[in-house]
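Sharing a structure, written as structure tokens. Questions coming.
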Amino acid sequence: MKSFLKYLGIEPERYQLAWISGSEGQKFADVMAHVVAEVKKVGPNRKLREEHE
Amino acid sequence: MKVLPSDKIREALNILSGEAEVYVPQMRDDVSGYFIWADNPQVELALDILNTYMSPKNVVLPQTENMYSFSAVGQDANVVEVANPQGQRVIFGIKGCDLKALEALDLAFLTKGYEDEFYKARRQNLAIIARACYTPGPACFCESMGVDRLNPEADVVIHDLGNQSFAWEPKTPKGEELTSKLQGVLVEQDVKLPQAAELKRKIDITGLSEKLAGMFEHPVWDELSSRCMNCGTCTYVCPSCYCFDIQVNTRGEAGNRFRCWDSCMYREYTLMAGGHNPREYKKERFRNRFLHKLQFFNERYGVNLCIGCGRCVILCPNGVNILEVIDKLKEVQVDA
Amino acid sequence: MHDHGECNCKDHGQTNPLVPTMVKVLKIVEETPDVKTFYVAGENGIPFKVMPGQLAMVSQLPIGEGMFSVSWQADDHLQFAIKRVGLLTEALHDIEVGQTLGVRGPYGNGFPVEACKGKDMLFIGGGIGLAPLRSFIKYCFKYRQDYGKIKIIYGARSYDDLCFKQELFEEWPQVPDCEVFVTIDNPEEKWNGHVGFVPAYLEEINPSPQGTIAVTCGPPIMIKFVLQSLEKMGYSDEQVITTLEMRMKCGIGKCGRCNIGSEFICLDGPVFDLTQLKKLPPEW
Amino acid sequence: MSDNTMKAREIAKKLLQDGTVDLVLGWEKGDEPYVSAPTVIRDASETDRLVVDEYCIHDLAALLTDYRDSHDKIAIFAKGCDSRGIVRMIQDRVITRDRLYIIGLNCSGMKDPNEYARAASGMSKITPAKKATKCQSCQYPNPIIYDEILGELQQPGADNRFAEIEKIENMTPDEKYEFFSRELSKCIRCYACRNACVACNCRTCIFDETKPQWVGRATDTVNNMLYHIVRAMHVAGRCVECGECERACPAGVPLMLLNRKLIKDVDQLFGPYQAGLSLEGDAIPPLSRYRVDDPDEFM
């Protein structure tokens, strides 16, 4: 899925997978921070969005 | 007679686009259809091909059309704004067969107790510049379906003189109005209209509608529908198929209700909430489409719904051919 | 094309027949575990007049629209009995009093109330099929003197599934010259009435076709068997009326899906008598 | 190909006469020389309607979904790609192998009747190719499974199936999105690609669902893209690359660019795998089974 979305032009940073168990709270926080940083770097998403006319 | 020279066509379209949305046949990659000229005037006009794959019905019945927007907050909701597609429209280059389909759509949308306001708004202020058809294609059988291809009922009829310039023949007051708007580009020339080629395909459907009335349970329908795969291609490219679906598009506390094309070939077209489906199987849906084309519409409005343009014959992936279907239906014995 | 009786479906609030007018839900009555009756009205009373058997499109704007028979048109409100089967009906069953809904209509030809005057009436209903019949039954009670003897045969899967129990067991049997026969599919302890399917029960009661009009509505399979039983019992085609159910989207005979042959259920129907039905292809 | 037609008719007549099968799924000529169309024949006397020629391009396996609930025994003609479609149908439990009598055709590449119809129609100026696009780089011209075989063995063509894919992969994200949104905005949602596809054989398709409605029916670019992304993902690992979706599309959307990308990914990520090549145990599509050594770099 990740490679397919990249193929369609969605920046890879926008679609990330992580396997975090319920007890790994810290890892969850780190992954979230990482994702936010990455997506901020890429900027607001204009793709696959309905433009309201 | 007035003539629109080939090098002035673009200019004429730009003039008309001043006060109206002008729909012209254009080629998008290898799909041709009727698109708004002002959207991309640089694209070549598809006037040198017989007809467009996508029929011009999207001019009066867009594939997706917003009906009304609403807001729904908590317990109360109300309609905010109802779409009202006013504004002048001109269709340039439509042929006699598609025009006859437009008449069938008028019957469906504007008669029998209710008028469809959205359709009416688009249809009423539509000026029609029709193209007389001198060079029919192999799959055309429009004359057997009562289409006058050389003299269609339009505001202006244009005749292709062979060198991409068109004889311009206004027919109605609206046509005269268009002519006066374009008198800067039209030139006066005496002109010889080309010789009309004969139609290769003729088919006689007299009495077919009555015969079909007694053939609902006939086993021929199994055989005819066996090759169909129930996709929606034939209904979407057909100029006279008009079935639509009403859907809602909700974004939080606001949204809009829109309508979009639908096809009787889809299983969920008649699937009811409780699970009952009067046309559950492919044969029933296939039969319903052809009966609607050749019998039901005729019984209800007195006109056939098939106008012989041949698009479904050309574009069906599995080679279902309405001409073969008609021949088979005529040839089959009805015992009851 | 059937005339619309005295109803004036042209002068409702909206000129565009596809755009709903807003109404508020005044009262919700729980008929059975999956059927509720909704009492709705606009600011100035009923949004439009409705004849028995006519339909209206009820819409919860963000969810969707659905066509329902108007179970009764009182002076100040409309009643819809709605069974929970799909996306919209599930949402409708979660709403409370005060909710705003969209309504448009009335659609369809409705029952031939004039033509049935002076006749004995036989109503045969199954499950939620009683909802459209109820509009005609209450109309007959309202103008009781215009109609002869009334028999109501009604069945459902179980006791809980019987709709309008209060009217069925208390009110309607008190109406002069009106008999009510109720059955359920399989026996239950707290039920000592008749047990069995409606078509079988109908043949058991065997009401004479003399001067009678039979009106039936229910699941398609029940209608088909009831029609056979009525024919066996000597009812001529003109004496048998049914109201049918199809998927409907526009309600004004345009979108093309509710057709039986060349007739549209939402416009030329939903009420047909057997002579008309027999002319149409058996596809409903 | 004409002696194949003779043989095909004999086989079909024999099968119908001795009751091995109840119906024959093959092709018959339309009223134009370039039209061969699928047909179902149940009566032995009508088998001379059958034809096997260079326009018999349809994957007849796609029509098997009409017989999933019946008990008919079916004789079906199958080229290389069609036989992979039959494997797909069997693995997806649409039909069982014993109900099928497969008449294999070693295929040297077909012409696309639709392309010829469009060229002859006067509605387009394309010149029809001698060999249909879907047959250009065909790797499996000979049927994978069959009960009887017609024609000589064929050699597979050069394998440049993924040339286009690599070209797109090297584009920038914006170029890629621009390309696909333009191509997919042409889609008119007629679902010919879904109905022509042997891997799309669900009883109730996700796009017919209304509770909830996953993909809107509006034909704006986003809904179209969502439709094609979801459909491509659903057939990922199961698509037998028969090319019927692209051939059936009236709007000319290059659907194989999506499917071939997923075929390449599944092949590389989940071990060497091509769909529909064998009915043995381990040939189950990789995305339909779990293996401990499946890649999971996100763990």
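Think of it as A, B, C and D in the order they're written, each chain with its own count starting at 1.
As a working rule, contacts are C-beta pairs under 8 Å (C-beta built on N, C-alpha and C of every residue); 3 or more make two chains touch, one makes a residue touch a chain.
Not measured: the values here are computed from a predicted model.
Measuring from the average of all protein CA coordinates, the nearest chain centre is that of B. Across B-D and A-D, it is B-D that has more C-beta pairs touching.
Taking the mean of the C-alpha atoms as each chain's centre, chain B and chain D sit 31 Å apart.
Centroids of chain A and chain C (each the mean of its C-alpha atoms) stand 53 Å apart.
Mean C-alpha positions place chain B and chain C at a centre distance of 38 Å.
Among the residues of chain B, those in touch with two or more other chains are 245, 262, 271. Residue numbers of chain C whose C-beta contacts span two or more other chains: 86-87.
Counting only residues that touch two or more partner chains, chain D has 210, 213, 220. Against chain C, in their complex, chain D makes its touches with residues 210-213.
Partner chain C is touched in their complex by these residues of chain B: 67-68, 70, 72, 75-79, 82, 108-109, 112-114, 116-118, 216, 242-246, 248, 250, 253, 255, 257, 259, 262, 264, 269-274, 276, 278-279, 284, 288, 291-292, 295-297, 299-300. Chain contact summary for the complex, chain D toward chain B: residues 30-32, 35-40, 58, 62-63, 66, 113-114, 117-118, 120-126, 186, 188-192, 194-196, 208, 210, 213, 216-220, 244, 247-248, 250-252.
Chain A contributes residues 1, 3-11, 16-19, 47-50 to its touches with chain D in the complex. The touching residues of chain C, when paired with chain B in their complex, are 1, 15-20, 22, 60-66, 85-89, 95-96, 98-102, 219-220, 245-247, 249-250, 252-263, 267, 281-284.
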